[in-house]
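Take a look at the structures listed below.
Both complexes shown next keep chain A, but they swap its partner, so chain B is in the first and chain C is in the second.
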Partner chain A sequence: MKKRFRLPVLLFLATAISQAQAARTDLTLGMQLEPPNLDPTGGAAAAIDEVVYANIFEGLTRFDANGRVIPALASSWTIENEGARYVFTLHSGVTFHDGSEFTAEDVKFSIERAMAEDSTNAQKQLFANIDSVEVVDPHTVAINLTQADGNLLFNLAWGDAVILDPATAADAATSPVGTGPFVFDKWVQGDRVEISRFEDYWGEPVRLDKATFKFISEPTAAYSAILAGDLDAFPNYPAPENLAQLDADPRYSVVLGSTEGETILAMNNATAPFDDVRIREAVAHAINREEIIDGAMYGYGTPIGTHFAPHHPAYVDLTEQSAYDPEKSRALLKEAGVEDGLTVSLKLPPPAYARRGGEIIAAQLRDVGITAEIENLEWAQWLEQVFKGKDFNLTIVSHTEPMDVGIYANPEYYFQYDNADLQALMTELAGETDPDKRLDMLQQAQHIIADDYVNGYLFQLARTGVANSKLKGLWPNSPTQANDLTAVYWED
Partner chain B sequence: MLHYLLRRLGSLLATLLVASLIVFLVIEVVPGDPASYMLGMNAQPDTVAALRSELGLDKSGPARYLEWITGLVQGDFGQSYTYRTPVADMVADRLWISLPLALYALFLSTALAFPAGIWAASHRGGPADTTVMVLTQLGIAVPNFWFALLLVMLFAVNLGWFSAGGFAGWEGGLLAGLKSLTLPAISLALPQAAILTRVMRSSLLDVLGEDFMRTARAKGLSERQALLRHALRNAMIPVLTIMGLQFSFLIAGAIIIENVFFLPGLGRLIFQSIAQRDLIVVESVVMLLVFAVVMVTFLIDLAYAWVDPRLRQKRR
Partner chain C sequence: MKARSLLPGALLVLLVVAAALLSYLWTPFDVTTLNIRNKFASPDATHWLGTDHLGRDILSMLMVGARTSIAVALVAVGIGMGIGVPLGLLAAARAHSWLDELIMRGNDLVFAFPALLIAILITAVFGPGAINAIIAIGIFNIPVFARLTRGAAMSLWSREFVLAARVAGKGPLRISLEHLLPNITNLLVVQGTIQFSLGILAEAGLSYVGLGAQPPIPSWGRMLAESQTLISLAPHLALFPGLAIVITVLGLNLLGDGLRDWLDPRLRRER
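Let's look at the complex of A and B:
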């Protein structure tokens, strides 16, 4: 009697064990904001790239996990005409998800579409220097520039420069068709986007079969969704207050990484009182960065002294130049003739770094005699009043675009810094292709803006991610806003 | 009865027209341009202008109002600025969650409130009454989002009986769908049940003191028979009024609960659309809600006439 059911039991156990050992191939990832649409060439929202970048869409070049520019759809390139003409050799055998072939014509179409007069590309400036796109043969494309440009390969790596198929580009907002390793399956608006493996992918096949991006805006809800196992990872985890608790739990790993987000206390350089460099310097010395990072960000963040990412090779640590020194701050205010006190506006957009950081900064400024009147704004209002209308004295915002020190060369930009030396330097930088000279120029630029105390430089936004401890291959850093799933897998 | 109906219908239409004007004007006044919001900080002015004309935002206010209202009358809700899909489809998808959730919560709150209210009223002043009163006080005082978090911690995180949120979808079967709506429905239902219980109790107590109740008891009916046959029906008018208000609130007012449970319902759609300045969605959804509230009130008016024949006769 006993013998009879031993075999079935063993078989059952054997299958159970093998099933347990086969690694999972699905993934549910949490994101705080839902993308408004899925066309990375038609909107600025970071959430679009966080779903589609490197997963669904690819460009000629792309960013890797550390922010380096590497080849993507272009296998190689040569630079001709003293840096004013780039000739790209394209991978052959690449197809879009709908089966149509990827050729040089698609490249020409995509770039011309982004540059067109009626284009709604949010980063149109990336293409400003392109004169023409020339199809040499089906697998070779040349880009002619109006002048030599060392930034082209970097610019083409952005999500806003991905390649679309002319036949499907118009519908990319709701049903994106790209060349990437994942195919778009389904979007349940307000809830989730589902993608699955593209079997005919030209490159290294991905290990996941299926991935779901789930949108959870409430930090507390994100926390319970992680604990309840509804989510496998939350790469931009919104509730730093319980990271320590999650870190102590062996089921989860907490990943700390860097972002491209320079968080600054921006000052309106064109109007009183911050048109006076002494008052700007006084603000810089009134700020205690550690206190802000601890108080507003639960200790996550790296102090910065200029508008540049600390993990970048060209970064210069200038935090000492604007070190916390309330005495010096008061002296500077006295020198500027405002020792009797100063009242300014401090307009805060919704993110926690701004709202919580703003309270702390207001207290620090009060300590040296500056009264900052806090006004909380929604993003749409912030864009209208502060960014477009330039109607503000102070504001706090994180500039998340990579390598964006160039904004200081635009006197029309919202903080309205106008310095001819810096503008000349940036023009020179754009035409320079020698890496050492570029590095040197970028460092000069950092010194110029730090010496002018253009803005209060607070900290580099940290990326705090939470993931199941068996999940490997997610990007720890965010060199661009993306959740690249191409290298993600489950450990056995 | 027909006259009564026509009058009610007339005021219904007038309300809708006035509401559409107010909704449009208020949303026009709110600062913030949808196109700049979508294109972000690096966008160039000509790009923003191109998007504005693509979205039809470069037309004048009155022209857009007329376009919107003629569309609405024909059942065309317009196209979302941010999602680029028809608003009607989005609303329909969301209604498949919001409407069942509201009905589920209303069912739970009624199922709790009716017996509790009747029980408390029939044991006035006794320990049963006191218990119900204390519990309902608590139910009104406890914020439902906090209560929702407690439910999630207990049933999703510790016991693992439910997921922490999200919606499984009806395609997985009725039970799977109802299961994902259970915790949110309970969180929504409890404060509503507490209010409804109190209204039920006090309304019954008012009726119990009436002369006809004494007559009913004098006829030889037991307390219980008198209460169920005579008092209950007469006590229903305030209860129905509150239920109507609560149902309208449940459809639109679940914003916070929908956020706690990350449910893609109507409330969350409005919330997102306001932040993104997806004006056409906000306008159309708010109008739809106005329509729903007005319709519920209309139906409740009809229900009054049904429970109280005097209301019918007066207008004959």
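Let's look at the complex of A and C:
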């Protein structure tokens, strides 16, 4: 009797051991939005960078998991001419995925392409201070600036500043060719993008063989896909309400991190009624941030009082200045002569923070006598009406770009804040290289926009990632829009 | 008694209508006041059907939501009848003329589009909201009534009493209004009930995809949509609006069946 099951048991053990030894090398990662194209230098959508940044494309510098700027294609650099000239030494032996060699000419081409008059780069201001790009020798490139710029290394780390090959740059939107550790395989529109390991990668080889980015916009579908095991990870998991459940399940780990997403109740500063600072302040005091974070985000989020990320060293906590105080809010509305009530539009894009948060804010505003008429919009409509058309009173949106307080210096930006002091400060900041002075200026800027109650500052979006508990090496935070897979591996 | 389903149907519909009417005067809680600390409360003595993800009382929301559903469906059926019936009578009066062709092919055209598609088209152009949902569902109702009316009226045109009326010198307009319409009313009532229940479903479908009544006005479809991701956390959020839709549609269908049996002259003779 005993003998009979010895063989099957041994076989079972043998397979179990062999399975354990061979850790998986593939990955399916969920994203909520599909990128409109795959050229990070030709589009603003965060989803582009979330696929290609650090995986397919690299720049001279890059962000690491903590948001620090570290060398990438440039191995080192020297700063000359009092901060107005940067000389980069490039790695040698770097090739693009199509086999062509990476040289200083490619750097010159890419930066000039981004700066060009007809460039479709979404972040052209990153290159505004660059005067010329000079090829010193095939592995040395110099960037001459119009004035000293302490931000250059930071700016070059953005996805919008990655290096492309002149021969393939034109087709980057549909078949990206970069220098990164992964090669683009295929893009099934509406479904997924597949990438695989680049065998001739110049840097440390990656441990994954294959990775698939799968696009699932519905939070419910995302939840089902995670439970069904169709997805190994969802780094920006869209349904915070399920996190507690997933966290309790040993098969998954929930990783909480910070993002660069300042979620704001944006007010149209150029048109009535929000061209009146008293009414803007009244709105700020009518908002109960705790209730919004609890109700819309199930507790995931950090209150903010200005347009700045709380994990940044220059952050000033100004939440007290716009603390929840409905009495004060009513008094301010009375002072502004609108105590009889005010009706405004509140246009909401699709994410849950906006839709749920919008219902909560509408209730809070109603409490002080402001009727906010909710209108739910799809992203395309939102971009058209609110972002481009500036046809709105209030809207809720998360600004996920890092260090984007500079948008307040642009009076053409959708909330249309126009303050000469802040604009001067931002110009001064761009030319400042001393870290302490920069810190001080950034803090001043935070005070200016908080004092003007430009927008209602709600909370810093939390990064709520869900992953298979055996999967390691994903970024817990979002210092930039990216899903860097270079350090990802499966635990045995 | 053939109309067995008349009573239960009428009772269910009455229940929903009563809840909707009552909501104008009184609801257990205010539906626009949020109480986030008390979210996901299970049904108990205070909140009979529990609270939703923003701490609102689900019973109150269902009551006010019934109002939205009924109003949308009622007006939409009204639009369908108001435009469809005259068109159908006109087509029957001018049977096989170019006018008849024009009306009926126009009907076919509208009929060819699913209601939801028309609704999405309208809301994409004019923006989402209850009014646009009403218009969309109403347009979808027009060909239903036009066809029914034309078919029924055509068969009446050859009957003796119509011939008598023509001999007496009555014009097509008077014949249609005085002789045809009263004779097809029962058909219209039955069809109206069925369209009404389809209207409730269409409204729920539209607000489910976010094209119906906008928040904070409660609507059954949106309640369902919002409870979608929460179903494993708080199933009562999806259960009750779902039940409300089932009860209403079941009630209306039973009522429709009952009315047909009760009003149908052939069945009445057998009785």
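One rule holds in what follows: the second predicted complex is superposed on the first by the 475 of 492 C-alpha atoms of A that agree within 3 Å, B and C clash if a C-alpha of one lies under 4 Å from a C-alpha of the other, contacts with A are read in each partner's own complex, and residues count from 1 in each chain.
Methods note: a contact is a pair of C-beta atoms (placed from the backbone, for glycine too) under 8 Å apart; a residue touches a chain by one contact, two chains touch by 3 or more.
This one's a predicted model, so the numbers in the text were calculated from it and none came from an experiment.
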Chain C versus chain B, contacts on chain A by residue: B
Which superposed partner A:420 touches (first chain B, second chain C, both, neither): neither
Which superposed partner A:359 touches (first chain B, second chain C, both, neither): second
Contacts of A:220 with chain B and chain C, given as first, second, both or neither: both
Doubly contacted residues of chain A, that is, touched by chain B and again by chain C: 220
In the complex, chain A residues that touch chain B: 34, 36-37, 43-45, 117-125, 173-174, 188-192, 214-218, 220-221, 224-225, 227-230, 378-381, 383-385, 387-388, 399, 401
Interfacial residue positions of chain A with respect to chain C in the complex: 219-220, 223, 239, 241-242, 245, 291, 294-295, 356, 358-360, 362-363, 366, 373-376
Contact set on chain B toward chain A in their complex: 31-34, 36-44, 46-47, 50-51, 54, 82-85, 90, 93-94, 149, 152-153, 156-157, 160, 163-167, 169, 259-265, 268-269, 272, 275-278
Chain A-touching residues of chain C, taken from the complex the two chains share: 32-34, 36-37, 39, 53-55, 127-128, 210, 214-216, 228-230, 232-233
